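First subunit A sits with subunit B, and in the next complex the same chain sits with subunit C.
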Partner chain A sequence: MFESWPALALFLGAALAGLTSGRLRAAVMLAAPLLGAYGVYQMEPGTLVGYQLLGLDLTHVRVDRLAILFGYLFHLAAFIGVVYSLHIRDRLQDVAALAYAGSAVGAVFAGDLLTLFVYWELLAITSAFLVFARRSERSLATGMRYLVMQVGSGVLLLAGAIWYAGAGNGLSFNYIGLDAPGGVLIFLAFGIKSAFPMLHGWLTDAYPEATPTGTVFLSAFTTKVAIYALARGFPGTDLLIAIGTLMACFPIFFAVVENDLRRVLAYSLINQLGFMVVGIGIGTELALNGAVAHAFNDVIFKGLLMMSMGAVLHVTGEMRGSELGGLYKKMPKTTILCMVGAASISAFPLFSGFVSKSMVVTAAVQEGHHLVWLALLFAAAGVFHHAGIKIPFFAFFAHESRYVADAHEPPRNMLIAMTIGALLCAGIGSFPAYLYALLPYDTGYSPYDVSHVLAQLQLLAFSALAFTWLKLAGIYPPELKSVHLDVDWFYRRLFPDTIRSMLSRLAPFDRAFRQWGLSMVSLAQQGLCRHHGSYGVLARAWPTGSMVIWVAVLLGLSLVLYYL
Partner chain B sequence: MTLIDHLPVLVVILPLLTAPLCVLLDRPVAAWGAALGAAWLTFVGAALLVGQVADGGAISYQLGGWAPPWGIEYRVDTLGAYVLLIVSAMAALVLLSARESVEREIFRVNGARFYAAFLLAFAGLMGIVATGDAFNVFVFLEISSLSTYALISMGRDRRALTAAFQYLVMGTIGATFILIGIGFLYMMTGTLNMLDLAERLPEVSNTRTVRAGFAFLTVGIGLKLAMFPLHLWMPNAYTYAPSVVTAFLAATATKVAVYVLLRFILGIFGIEFGLGRMPLEYLLIPLGLMGILSASMVAIYQVEIKRLLAYSSVAQIGYIVLGVGLANTHGITAAVLHLFNHALMKGALFIALGAVAYRIGATTLDAFSGLGRRMPLTMGAIVIGGLSLIGVPGTVGFVSKWYLVLAALERGLWPIALLVLVGSVMAVVYVWKVVERAYFSQASSGSGEASEAPLMMLIPLWTLVLANIYFGLHTDLSAGLARQAATVLSGGQGERHAFAYLDSPGSAAGAAGGAGLCQAAQSA
Partner chain C sequence: MSGEKRKDYLFDDPRNVRLVVRGLVVACLVLVGLDLVLHRHVAHPWEEMFAFYAVYGFVACVLLVLLAKEMRKLLMRDEDYYERSTRDAGAPRSEESGDV
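For the complex of A and B:
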């Protein structure tokens, strides 16, 4: 049953979670992803499950290696997320989270664009409730903005799909390409969900506003479904290389100056997505493998980081980096687990980020994209600074904050979930062959070769490692404080100063542009309100005489038209 | 002849004759019982008719045994039978919920007279659909309209009187236009029987008289249809009428007008003249689109939910008009489908509003504060009805919009497809307004303790809501019917199969390369 509709287990779990409570609900929540994963395990690549709707042949489930990989990934992420949120007694969140995971699984197994659209919209709606679930004015407003963007993406997808199918291409979801009719619309729809530059606002806006547990789910599914969709529909699109490079680089500046640590992670999520988008854009087997593998790893290590920050938020109720600090004393386990996540995202050898990120970087060199390669190296260094150092440092070290006194380790289930994530990070990093066996292509790639690129990457990684060690050590012996300050200055003064001076030059243009845009919007709104508002000309009650004039006008018009 | 043979006239006569009975009974509850019985019997009759038509094709019934074209003929074909079914079903369901609502809302007149007027309006609508005589259409139109004016004026707000008066003036103009149009046709052909008209019209179709008749008919029907910009009577009429009346009218009256439009354009004038030679699409497509966008925008700003839904009805009628205007297979299918689907969703939504009005006493946006907790079943119905209005897959609203978008793309008019989708997004906004207020805000303190709506309202409400989902999933039923109906409309009994290719399998995607309707009609 579950192998013919893999999303069934999670949807069923969501429905049951809505009806049960207490321990029974916890059992249901834990069983759903396991059952679903077992269903994926039973699946045979090449299976198609179709049905008919409105005279269209739709493929509800299409099984291949790519889909299976994401199927495993989403069930794994759902399981970790469920374990992480076991202490929560919130029916709304539980139901929304499982349904959200189910929609993601449904989307990656969808064999046609219409089915994909249905799951695409389900993703939008279910995930919005994870933002609403914080139940504050602010999260309500944020959730609405989020929902509008997400549903808008779905509408674009539907429009593109109908156009695409209308031109005789059929609805099946395979390579689409930008040149296909409707291709641009579908591309934009995918682009919104994978947070292309300028379309990324919803992500950094909504993710930090969700509940501590909700963010863990959010960071796992929506963007990865979009990456999957891009890998399926637009591999080898050159435009994606440029977009991805931009995505990998621009969030670094924002992440460095941002104070809300979960927002820093949201920016670094975009940065990691950039690596995947570049991989898809390069489009060789190695690059696609790299993109997909990086998506897999990103779910785990970004989830781990989000979980550790969620634990901090849960314990202290604070997420501003400037207010936190010193928590390692009371939360040593969380600190270590967070460091594992930080090491993974910074692509340290023996941690998961390394084995996938290096594939994309190698592919960029192999295909001769040297500038892209340089940009990616810069991005990798940037990740190290804002995610590898800044996150653990501000939260757990830095100065001793007022929260230290009351801090304690988070609930055990949170620690277990984080431990699972950390073990996976280290495990995949040390034994990448298991992950590689799942990838869509067999490229014989080995990350632990002493090739030119790897040597450089390792150089970078080890220099970064040295910095970290100095910094960790620098907290205790006073004589090493200078190093700590140097590093501190590097990312607290130099980067912001550079950016500030750049911004101060760009600001007037930016401000003028924004103000022009805002004034246009408010003008349009006023105009609409004037005509369509409650007392607007189109909405108010009309005198009978004016109604009759319209009748006369229309009659005259039709008479003229018909006589011609 | 057994009683079954008289079904085409029985479904009209039964409510017509029960109306005076209601007045004689003079007690609201007794009158309600009589009306409910009549409505359900009529519904059964209509269901039997659907079965008969499905088995033996269109039924011709000669009134008083006079053979057409001299005598009056009642003619029920596939589409007619289904419209009869939906009108009678809506009457039966709405009446089920009416007793409590009428007790609460109608106090200026005797409730018994309300039911009498209701049955007259119902009989008139059934008659319009059943008859095969053009003049008879006008007669029944007047029967239903006059009783509708009375029904609207019974609203508890005194503004209902003005609304009813305005509707009276506008409705009379519309009916007069229709009468003038029919008169012109009679002048040129000497016949009033629809089939006969369809046969004789092609000979004289080039005369100015026929063209003027066509213009008067389309504008007149457009008025009854509340086609933008002739919709101005409708928001007030819907807002101030009693809840029961609004639910019934929104689900049936404009739908019957759509049926009349299709009947005249496709059945009498014929596709070739109506949609081919007359540039009707230059009128219908822009007006339909303006209706969709403008009315949806107005709906977004409304704070009175009855009025909001009234404007949303104008927008939905825009979809239907657009479907007819696109003048190809999928367009007509979408129009016919939306005729049914809109009846289902608006019927459900307005009955739900009736329940809110019954419990809270108002239907302003403020009245909805915190209703999600206090009336969960009613609000659940509004949410699903709203999703259907938006056109979410799995509801009926999606099916008709799907065909509409296909129709637009088939003509290569993708901006129209885009605008249809924009209309959907606007529907999201105005539906969300209500949902947000109901689920995400606290109840206003003064509204007291409201509980769930009475069972007699919930039953019809959820019947309609489930129908919304059922027909959204089992699309072969409704879509198949729409195609079949279009076939029959276009050429009577399979004589001229302008729509023949409609029946080809997999037409939704397969007919993407299909020829437009006009070419098909010309080649047939």
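For the complex of A and C:
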């Protein structure tokens, strides 16, 4: 049953989670991803489940290696997320989270663009509730902005799909390419959800405003579905190399100065997506494997980092680097788990980031993209700087904050979820063959040789040295209570301000126009009074006799006409 | 009492902090030293340079931080920057409600 509709287990779980409560709900929530993963395990590559709707041939489920890999990944992420959020009693979040995971699973198994569109919009709607669930004025506003962007992406996808199918290409979702009719629209739709530069505002705006547990789910699904869609529809598109390089580089500058630590992680999420997008753009087997493997690892290590920051937020109620610090004293387990995540995202040898990021970097230099290679090295050093060092340093070390006195380890289920993530990070990093066996292509790539390991260790050690030196010399910018303007400024400040000032300029004209209108009305009123008022011509009373005369005249006239 | 208790934690003792920093410096020296002993395969001519990755990593991070600091001058705003803009718009109403 689950193999013919892989998202069923999670959707069923979401529905049941809405009806049950207490331990039963926890059991349902835990069982749903496990059942779904079992369904994926039972699937045979090459299977197609289709049906006809209004004369359209739709492929609801298309099974191949790429879809299966993401299928496993999303069930794994859902399971870790569920364990992490077991302590909360919030039906809205539970239902939204499982439905969100189910939409992601449905999207990666979708064999046609229309089915993809349906799940694409479901992703948008279900995930928005994880932002709304914070139940503050701010999260409501952020959630609405998020929803507009996400639904907008879906509208672009639908328009592109109609154009594409209308040109005789059919609806099936395979390689599309930019030259195909509607290809650009579909590319943009995928681009919004993969947080292309200038289209990324929703991510750094909304993810840090979601609930501590919600952000863990958010960071796993939407962007990775988009990466999957790009890998399916636009592999080898040269433009993606440039876009990905930009994505890998620009967010690290923001991440260095950003104060909200979950926003730092949101920027670093874009940076990691950059590596994947470059891999898809290069489009060789090694590069595509690298992109997909990195998506897999990123879900786990970014999830782990988000979970550790969520734990800090849960315990202290604070997420600003300027206010945090010294928590290693009371949260040693969380500190160590966070550092495992930090080592993984920084691609330390023996941790998961290393075995996937190095594939993309190697592919870039092998294919002769030397500038891209240098930029990716820069981004790799930068990610260690802001996600590898800054996150643990400002949350758990730095100065002793006022939260240290009352801090404690987070609930046990949070620790268990983080431990699962940390074990996976170290496990995949140490035994990459298990992950490589799931990848779409067999390239025989091995990350562990002297050159790679030494080069990476040198890069990382000297990045750490640079951080230490800058910090000790007092050059490193301090964490300040502040916000930094990004593209969301355009629609959060510039457009509203422009409209406001335009309205205030228009106000005098508007007032004059209204007064003219009012005077017209009173003129009309006066006219009416003159004709219909109590002394008006038309209000004069007529005797009944005159009416009888006129009736008699008319009747007489019709009689004459009849005889004629 | 709390002063005594604080001594229990690892980095309250500045000697431990120094130890970490020195450990890092030693690790860096060893890794650069290994460049002399081990041969790295190269796919790009620059990689052949002695300690290429070390220098690149260090310079990249310093540049990153210095540029980010410059960026701050242009882009940094008060923490309530966005909230304030919406509050300004509703200012007449808040005056009516007696906010000072």
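Keep this in mind: the second predicted complex is superposed on the first by the 449 of 564 C-alpha atoms of A that agree within 3 Å, B and C clash if a C-alpha of one lies under 4 Å from a C-alpha of the other, contacts with A are read in each partner's own complex, and residues count from 1 in each chain.
Definition applied: a contact is a pair of C-beta atoms (placed from the backbone, for glycine too) under 8 Å apart; a residue touches a chain by one contact, two chains touch by 3 or more.
All figures in this text were calculated on a predicted structure; none of them were measured in a lab.
In the superposition on chain A, no contact is made by A:M502 with either subunit B or subunit C. By the document's definition of touching, neither partner reaches A:L24: not subunit B, not subunit C. Once chain A of one complex is fitted onto chain A of the other, the partner contacts of A:L239 are absent, as it touches neither subunit B nor subunit C.
Judged by the touch definition given at the top, the superposed model places A:F378 against subunit C, while subunit B stays out of reach.
In the overlay built on the shared chain, the residue A:V151 is in contact with subunit B alone; subunit C does not reach it. Legend: residue contacts after superposition of the two complexes on their common chain; A:F397 is shown touching subunit C, with no touch to subunit B. Look at A:V256: by the touch rule set out above, it reaches subunit C but stays clear of subunit B.
Contact with subunit B, but none with subunit C, is seen for A:V118 once the two complexes are overlaid on the shared chain. With the contact threshold set out at the top, not one residue of subunit A is in contact with subunit B in one structure and with subunit C in the other.
Touching subunit C in their complex are the following residues of subunit A: 138, 252-254, 256-257, 259, 328-329, 362, 365-366, 370, 373, 377-378, 381-382, 385, 397, 449-451, 454-470, 472, 475-477, 480-486, 492-493, 496-497, 500. Remark: subunit A residues 53-57, 114, 117-118, 121, 132, 140, 151-152, 155, 158-159, 162-163, 165-168, 170-171, 528-529, 531-534, 536, 538-539, 541-542, 544, 546-548, 550-551, 554-555, 557-559, 561-564 touch subunit B in the complex. Of all the residues in subunit B, the ones that touch subunit A in their complex are 165-166, 169-170, 173-174, 177, 208, 211-212, 214-216, 218-219, 222-223, 229-230, 232-233, 235-236, 278-279, 282-283, 294, 297-298, 300-303, 311, 392-394, 399, 402, 405-406, 409-410, 414, 417-418, 421, 424-425, 428, 440, 475, 479, 505-510, 512-513. The touching residues of subunit C, when paired with subunit A in their complex, are 9-11, 21, 24-25, 27-28, 31-32, 34-35, 38-44, 47, 51, 53-58, 60-62, 64-69, 71-72, 75-79, 81-83, 85-86, 89.
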